[in-house]
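What follows is a pair of complexes built around chain A, which joins chain B in one and chain C in the other.
Let's look at the complex of A and B:
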């Protein structure tokens, strides 16, 4: 029992980060689900993290209220941001939203009240693992309900062909904006949870590389379905820690080699599973079926001879 | 033949004896969370070398009777996420007696509270932020002098040399360490009665500082004060010289790396840096450190010396608590560490659990750091 507790305590932060990263990956996924490459999630997460930290530390608000603020404030910001930038498409939307994230980060760097680059420290640890996973579960339940509903079909229609969807009477701008707002709320919630899970937030934790991480979670997991984002976040959060475990067994010293193997695994997944990790079972099934099919006629020919 | 047989027998017996005594020793595990990859990798590599050398030397010297130190080194990839994961491993899986690190201050503010909560002593070897590190709690200690302990005295020494009255300040405002350094420089300059004729900022990814430097130099300063990490520092120094600046340049702790000279070349001449490590000091402890590093074919810098000192402090604490290496024993031992000879000079912890030893001012001359007397 004590050993089990130790194992849990050892990997507690990794377990928590799987959930936080899953929420962040989902925040990218919801925009991808209607064909929009919106990459403002690092900025939204930063707003959520700072807002909730200030809410608990300066305003003495209870933690659930702080989390509500963490989700609502970025969602509010997303509306005026989304109205102009959602007119952009593809890589232009990506650039504009990355720009938004950088504006938030640089704003925080230059804001003395929150200690600039040093960030807010000594935040009380109030987020526990169950809260993080409850947030993930509720989000997944929502997305599962959306799939196959009128909303879900509308989003799919916009993703496949927006002009066609519009001629069918689908108000695509509203849907796109709604998904951006939902993504902002999820990112903000993740930021609020992270701030109260890791004792500190700093602007550098919400830079460009962070949003690239989120996109990679969603793509490596599989951007077609919502559980792909979760699978990707879990896989890529566990991988560096798993390699830490494996490294001494194969004689790798801590250092750059672990990073290299990490990158190599990532490359292999992207090369051989372009539809993401979630397509792995299907791929294996197909391959088995193909092999069986190849063997069956050969066997038949043998019998005939 | 018979002689060879005897010799081999002797060696067999000796090795048996050695392994026998090694087995009898209690092993005290020390975890080191270092940034071996990512932006801070240059500092982490120096720290790793210093820690391994110190553990080796202490075990060889037999200074700790019946205790054998074992260093477990893990990489935090310069990120807070992995820094926390490494701390949790050290505390719950490896069950270390003390933790050294992490390399970056930002990571320390996220990971140190876990050690404080689990009552595992931490020794910071490179966190120089004046606030927010040792205030985390009574289990967090540090050997690295803070910027507030180094910069004011070094600036005063520089003023004694140049008698400047007008200073221009340039700092990186998107990095916790360079921003913290700026805060100390600002108050130190104010306390010295110097006029700050201009203040400019840059960001870590910047490569071109000519706009900021031109504005600062136009205000006719007598000294250029810069808080930057070494990658930026090299560019700033080079471009300031290209713009015709001949006067002294004073740098924060980020300048404390041989990389400054290898990157900036002759432009680095005349750069002044406050340092926690007086490299040419002929103290016995410093000479022993330099010899230990030379034996391992490693060219040490200040970060290496501080890491080495971190291990020395832990060893001293174990010795002072009667050769016991538990978590509480080490913390209790830290309270008694005084007058410890280290490569950094005679070392003690003060009541805020920060390290106390003398700092020095150095200048780049002929491509090398030399102490200003």
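Let's look at the complex of A and C:
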């Protein structure tokens, strides 16, 4: 028990970040679930982080209210953003939403009231690990209930063939907008939690590379199912910690090693596990069954001879 | 009989090409209406115009007296139009049953709250929908393929799942775009019976088809298109004897 407590204290920050990254990965996943590559989550997280920090520090609002603001403000921003950009498809939507994220980041860099590029420091540490995991759990519950429902089928249909889905009476634009708004709320909530977990926020923490990280979490974990995003976030958040121990042994700095290994993991997953890490057990089962099937007739022939 | 669907001077151009060139005809309620014509006559374009995948460049389309030309396709579906596709467009990763469940979108009215609170009514609604989907798959002759992914089904099976998916919205007008393409004669026979049965249940059918025997057997009336224009219309025997139709299909003697 004492050992467990020690582990918890040593890795508290990693444990918290697994949850925060899971929320961010889920914010990308919800748009992917209806086939949209929307990458505005870093911008939405920044809005949530700054709004909640200002809410607790300047407006003295209670933390739950600040978190509500962190989720609702980006969700509100997502509506006027989504109406025009969701007309774009594929990589064009990705570019437009990345552009939105950069606008938010540069806006914050140039906003003196929040200290520009230096960001806000000495934010009260109000987010505890149970709050982070409660948010993850509520989100997973919501996605679990949507899966297999009328709305879940509509999202899958839009992902697979949007024009065909529309001929079934599915208003695809509304669904895509709803998922963008939900993703924005999740990213904003993650940002609000992060700001009150790490004492500080700065614009450069919400740049292009951050949203790429979120996408990689979702893809490496598996973008077909909602728990894939969580698995990817957990795996790729723990991995650098393991590498930190390993780095001195191979004589590479931990920072570059992390980028190298992340890239390698992404490459391997795309090549060999296109449905992500969560499909690994199924793939292993299928391979074992295939090998058994290949052996069985040969054995039978041998016995007959 | 009153017209369920009526087209007046419908035109659709693609650049310089007039795919549909002033087509006018009516589909009476509760009938099977054939739409035939040589390749490139504009049949599929016309289906796309009625279902809202394309907007006409001119002309009027009315469904039950209501103008639908140019409405978005999900609105037209909401008014009671369902369709299948010439190039099959099932959702390949979903099972046959789930494809039909998607088709039920307009007919399902579950409560989000009941679903979030894990109420029994939510489970019952989903089970009832699943049973309806199973019944539709049985209707098209695929009762034991419900759990198969659509991409693993044979060509003929996929076409029948598409019909089941279209019927799932309980449409007043069903648009079938070459439903027997690639089917063997036994399967074609099954589709012919299915179409008659669907019509007997009160759905109107607009059938685009190359299989002339099927069209002659199941249709109440037939409209013939060529180069985007209506060149003949009438009952199957009338159309079969129409000189313009014979010329369009076989060419003139000189």
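One rule holds for everything that comes next: the second predicted complex is superposed on the first by the 281 of 305 C-alpha atoms of A that agree within 3 Å, B and C clash if a C-alpha of one lies under 4 Å from a C-alpha of the other, contacts with A are read in each partner's own complex, and residues count from 1 in each chain.
Convention: contacts are C-beta pairs under 8 Å (C-beta built on N, C-alpha and C of every residue); 3 or more make two chains touch, one makes a residue touch a chain.
It should be emphasised that the depicted structure is a prediction, and the values quoted were computed from it without experimental measurement.
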Chain B versus chain C as contact partner of A:77, first or second or both or neither: neither
More chain A residues in contact [chain B versus chain C]: B
First (chain B), second (chain C), both or neither touched by A:148: second
Which superposed partner A:157 touches (first chain B, second chain C, both, neither): second
First (chain B), second (chain C), both or neither touched by A:168: second
Partner chain(s) touched by A:259 [first = chain B, second = chain C, both, neither]: first
Chain A residues within the chain C interface of the complex: 142, 145, 148-151, 153-154, 156-157, 160-161, 163-172
Contact footprint of chain A on chain C as seen in their complex: 51-53, 72-74, 76-78, 82-83, 85, 89, 91-94, 98, 101-106, 108, 110, 112, 115-116, 118, 126, 129, 165, 169
Complex contacts: residues of chain A adjacent to chain B: 6-7, 9-14, 17, 106, 109-110, 116-119, 121-122, 125, 198-200, 202-205, 240-241, 244, 254-256, 258-259
Of chain B, residues touching chain A in the complex: 36-37, 41, 73-75, 77, 80-82, 84-85, 88-89, 91-93, 105-106, 109-110, 113, 129, 132, 135-136, 173-176, 178-180, 203
